[in-house]
Amino acid sequence: MLNTKNKKIVLIDSDGRRVDGRRPDEMRDIKIKVGILENADGSAYVEQGNTKIYAAVYGPREVHPRHLALPDRAIVRCRYHMTPFSVEERKSPAPTRREIELSKVIREALTPAIVVEQFPFSSIDVFVEVINADGSTRCASIVAASVALASAGIPMRDLVAACSIGKVDSVLVLDVTDIEDKYGEVDLPFAMMPNRGEITLLQLDGVLRLEELEKAISMATKACKEIYEKQKKALKEKYVELRKAIIEGGKT
Amino acid sequence: MLNTKNKKIVLIDSDGRRVDGRRPDEMRDIKIKVGILENADGSAYVEQGNTKIYAAVYGPREVHPRHLALPDRAIVRCRYHMTPFSVEERKSPAPTRREIELSKVIREALTPAIVVEQFPFSSIDVFVEVINADGSTRCASIVAASVALASAGIPMRDLVAACSIGKVDSVLVLDVTDIEDKYGEVDLPFAMMPNRGEITLLQLDGVLRLEELEKAISMATKACKEIYEKQKKALKEKYVELRKAIIEGGKT
Amino acid sequence: MLNTKNKKIVLIDSDGRRVDGRRPDEMRDIKIKVGILENADGSAYVEQGNTKIYAAVYGPREVHPRHLALPDRAIVRCRYHMTPFSVEERKSPAPTRREIELSKVIREALTPAIVVEQFPFSSIDVFVEVINADGSTRCASIVAASVALASAGIPMRDLVAACSIGKVDSVLVLDVTDIEDKYGEVDLPFAMMPNRGEITLLQLDGVLRLEELEKAISMATKACKEIYEKQKKALKEKYVELRKAIIEGGKT
Amino acid sequence: MIPKIKRRQMLDMLSSGLRVDGRGLEDLRPVEIKCRSVNNAEGSAEVRLGKTLAIAGVKTSIGTPFADTPDMGVLIVNAEFLPIASPSFEPGPPDENAIELARVIDRGLRRSEMIDLRQLCILPGKAVWELWVDIHALNHDGNLMDTSALAAVAALLTSEVPKAMVNEKGEVIVNKNEKQKLPIKCIPITITVAKIGDKLLVDPCLDEEEVADVFLTATFVDDKVCTIQKRGEKGLTEEETLKCLRVAQRKARELLKIVKEVIGYG
Amino acid sequence: MIPKIKRRQMLDMLSSGLRVDGRGLEDLRPVEIKCRSVNNAEGSAEVRLGKTLAIAGVKTSIGTPFADTPDMGVLIVNAEFLPIASPSFEPGPPDENAIELARVIDRGLRRSEMIDLRQLCILPGKAVWELWVDIHALNHDGNLMDTSALAAVAALLTSEVPKAMVNEKGEVIVNKNEKQKLPIKCIPITITVAKIGDKLLVDPCLDEEEVADVFLTATFVDDKVCTIQKRGEKGLTEEETLKCLRVAQRKARELLKIVKEVIGYG
Amino acid sequence: MIPKIKRRQMLDMLSSGLRVDGRGLEDLRPVEIKCRSVNNAEGSAEVRLGKTLAIAGVKTSIGTPFADTPDMGVLIVNAEFLPIASPSFEPGPPDENAIELARVIDRGLRRSEMIDLRQLCILPGKAVWELWVDIHALNHDGNLMDTSALAAVAALLTSEVPKAMVNEKGEVIVNKNEKQKLPIKCIPITITVAKIGDKLLVDPCLDEEEVADVFLTATFVDDKVCTIQKRGEKGLTEEETLKCLRVAQRKARELLKIVKEVIGYG
């Protein structure tokens, strides 16, 4: 319960339910669609509650400008971008400092999973467009981009799953919404390669004791495993769909 | 007659005359001077009423940056620019969105007339500077640039002539001034290669029935032919002047 | 005595002393430390009253971007920059027009002393950071940069010494402070190669008769010779220190 | 060099009346319009023309009117050609193509008087609604112009903006809970005709755009034309020009019908 | 290619418990803090960690508060990686590394509530103090993050800002002659741990940074962690993560002691 | 390499007292001044020095004064070296040469007190006239500095600005129909002397500029010097410096006479 602007905003009610009716450890529904932007080598659309994100992957492709190319691996580039209308107050389409930082941490969350050594002198470009923002946009971006990378046929060590942990009214909660981020005490975005057990994104914005942090990481790890299953399911469905299309195409 | 800001601005008076006394199909005086910017390969100054424009052409020359060069033709580049003091309220010298659009349409109005195939790997750069703006600046820019191109000795399929058509107080008028543009109903900038009968610029900003549009194009075509004669005359005078200078130079 | 904002600011008191107690031809104390920024090839820190400056020299090194390289000499580049907190009102860290001009004149003050012919295809980059500004920052920058160049082992024709002359309450004064610059009549920044007797920086901002100007140049020349000795002393001390370090290093 | 070969092949096909994707010369690609997917926007629409996808969103803010139109709301149209949409798009501020597109769409909205900007005045000379229409390309397979224009129009048609009032102290009060539709007067429709060789074809896909000589874009309202933009580095005869416009006029009627059905306007 | 060889050598050394500069894995480099050298700033500090040198300065100005925090002062942190500091830094606006650093330090200052921003409100909703913390790198030999964070904290600790009051007309009056300390509530300390191979080491120097796999930066206040930023293009196991944080917590206590001694706080 | 040969040839000629265009060392090129050609500007002048052509325009707007000069109008000088003027100029924001030129001209106007800025105050501390002097190079054949300075001065001398008054409510009212001259106090003249080898020459053309060692630009008013700018990457002895200034002083007197005749001032 936080007292802001003389209004008390209750984030966990007496029944232990959150503003949108979820339990603390409950995720919002996630929809993952694979391959809807035809120009991209891989793409995905993720809807997590009202957070809506397109991700596209171009590459491996020739690097421009060329001097950025590396002789022993592909470079990974990432651009996290919000449409001006995706937030409450219109934002300028020029990249903000926040978008620049998030582009970096998303890149660093994804790169450990990509077998970059297979593509010297190339670039793998990840573009994320936030269409509507309602919290956890960087995590949803990682979920979408990871699926887009896999659907582009880029060899990966693992998928990267991501979710955020918050602390609101002194309770740790899973999958933070905009209002919980704004009026809550803590935001902890988290990403990992579930199969390899490696954390690839970890940020904390808010005060925690180390024991609480440990608990938060456990919650996040569990949630990432669930998301991981959804990512794999979405990819499989796409392949089934593709195979069906190929077979039907063969009929005509 | 338009009612703006509680003031009625009469653009066509009871005698059918416009604010500056012209008839609807009457052009302002046009002065064309060729070759006054010595550094340029070709240049022209055009004065059309109070619209005053310098145009300079550099090229064909080596392209910078080089990767823009094309193996089978010259690239044409164009920069339409207004001096900060050329308009009522001082404008910033940085290019506005309007200037960027106009640079594009002027380039596309001129390029069809240039034999770009003769100059692979080169650029032809057209710079237009509006010194004073009183309507129809993009058309006067095309008139000036076209003469500057010819005076640079660049092989051309035809000259490009240009003029604007407006609709003020329900009447179609030729060669729109600033006040007619501001308070009139329609602005239609137009350019063509009179000899080849091809339209190279056509924009419309304002509502017209297709029959009116057809009439406007006829008016513009007729006017462009007149301007074409003036362009040719200015170029011829320059050559006479040059020949004279050479002959007199020979005497000393 | 200048009447500004209804306050009379006395810059020379009845005893002929300036605001900080100096006589007109008296310089502020100058501290010069050599070689404190370890990454640079040469560096210096100069404290002249409350004017505090770091200068670093990188080079001779490969030029980026390469097309700037010259086949017969090194290019010299200079960046004079003020920290946002070095002035009374916070300034943006982006370079202002003033900083761009000063970068140019400082470069032109230093270049005559550098044997650029010895380093074709290279660049010598001078970076000056003003940490606290209390007048005469461009002169102190030249003093610091000149020492930094020498300490980088770059062959020089001479050191460049610099100082400013002002005119306050009708009196010519040496080494202008911020308040004297703001409320005084004249600011004259000056730099020279004392041994070669060549002036490499001369700017005037304020009205002087030519005879006064001559006098100002004499004052500045005399002061530059003093500064020159301090520059040499600082360099010598550094070498002694280095030699000592080497000898002591040899003992272990 | 490759575009030349491609162009020759396409011309061969076109001379037999065939387009690369099998359409007739005057066929639009399938149109999909999805509105109101962006909760944080006052209005939004994702529009697909074949594989071309653009999204437009409308945001409002309160601002001061321009000095020469003190009693009119302000309309701002911006377009971004994002690198997500095409391997040929680069990050950075809008280039000449994105700027031209935004300005052509802006002129279409403005000259058709789609929105009654006078009704967006809150306090004359002091406070008016600013309407920001932002267009983002998401997948570029040709004719971003018509796709974007349609997205902008659909986003505006489905926008709901808060109510603003002036209290007795002359202060502007915004009631975010009470929302209303924008004051819509008509629906402008933008159609682009491309010329390849001597053929005129509607709604060019990317392969066609790359080899086309010239484009004529026109916006229609009530069967009248309110903006034209000739694009491309070739010319058109007067006859071709008028033919383009007549084709565009027909297609605008057709597309208008689709829009009305999908949005349920009128 | 060279970093690979360098990395192998360093791993060999580290496996024997040796760092390039002879330190133990959990040793900080020598810390030097020099405050108040910038007369024109409200507060300033030059901080050295080994050969890494950064300067931070604090300036104030009067501004309007953000709409959602009308009774709180405004804190802005900016960092510049100047070409004076390293041959690898280029002139121009801050790159992603400088922006990330500034934002991590900003979150540390904000979430630790080091400054009581409510006390920087002058007239609620109208006028508040803006605190500008500008950080400039002067010599980059690794771990600019912790060096800069410490410089920012030291500059704030030693800042003296003018008094501002509201007169009977409701105007804000600033008295530049009467100065007071900032309302400090605590001292946040930022520590970075680098992972090279399977070794975790504190306060990496530049040679170590260049071959490190991943970094964990954490800011501590009262033994609690208030910001974390994982950096670098590799991952960390949960166990490693927690180990990093425990090491960082210990080192933060140690550095806090040094800061308190040097600044004479508390 | 080519400039070196060019330089040697020019030095040979100069040693015989000859300049590339046949002038004597202290001869200005022919001066042409054309005022008031820009209707939309409050004042304007196109100035030619030989083949060098620059245009200056003056615009006014009402703004707030600087805090430390509440009773003085504001003067802003901007210069653009447009690609129209020279194959070596590129589009984009002013480079160091254009910025230096604008700042030197600005200092000349300001320090000569050509305009009585106090008379441009409308309401102390609240409203003053802003004078925008914009200079555009149109053809660069050397000595843009003196050409531009003269254009700026001529544009100001022939400017007519609207009257502004404060009504009883304390509002600023501008009467665009009633215009008046600017409050001119004097005419500053800027002269540049170039040094090539051991020769000093006035008003260098482009060929001379390209091989010159150093330039001394000085602005004179009433025979006194009010700005100096040494430019170029070589040095000057004290004797040479003073000789340059004496030459410049003489030429300034000469040019002043021309200006007065052409403009009809005084």
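We just call them A, B, C, D, E and F in the order they show up, numbering each chain from 1.
Definition applied: a contact is a pair of C-beta atoms (placed from the backbone, for glycine too) under 8 Å apart; a residue touches a chain by one contact, two chains touch by 3 or more.
Note that the coordinates shown come from a computational prediction; the quantities given were computed from them, not determined experimentally.
Shared contact partners of chain A and chain E are absent.
Common neighbours of chain A and chain F (chains touching each): not present.
Most remote chain with respect to chain B, judged by CA-atom centres, is E. Equivalent interface to A-E within the set C-F, C-E or B-F: C-F (over half of contact pairs identical by residue number).
Chain A and chain D, compared by their mean Cα positions, are separated by 31 Å. For the pair chain B and chain D, the distance between mean C-alpha positions equals 28 Å.
If you average the Cα atoms of chain B and of chain E, the two centres end up 58 Å apart.
Shared interface positions of chain C, i.e. residues touching 2 or more other chains, are not present.
In chain D, no residue touches two or more other chains. Each chain touches its two ring neighbours, and walking from chain B in the direction of chain D yields B, D, A, E, C, F. Only residues 4-5, 71-72, 76, 97-98, 100-101, 103-105, 107-108, 111-112, 188, 192-193, 196-210, 213-214, 217, 221 of chain A touch chain E when the two sit together in their complex.
Put simply, chain A touches chain D in their complex at residues 37-40, 50, 52, 54, 56, 58, 61, 79, 81, 83-90, 93-95, 125, 127-129, 131-134. Listed in rising order, the residues of chain F touching chain C in the complex are 1, 68, 70, 94, 96-97, 99-100, 102-103, 107, 111-112, 216, 218, 221, 223-238, 241-242, 245-246, 249. Against chain B, in their complex, chain F makes its touches with residues 37-41, 44, 51, 53, 55, 57-59, 61, 78, 80, 82-87, 91, 93, 132, 134, 136, 138-141.
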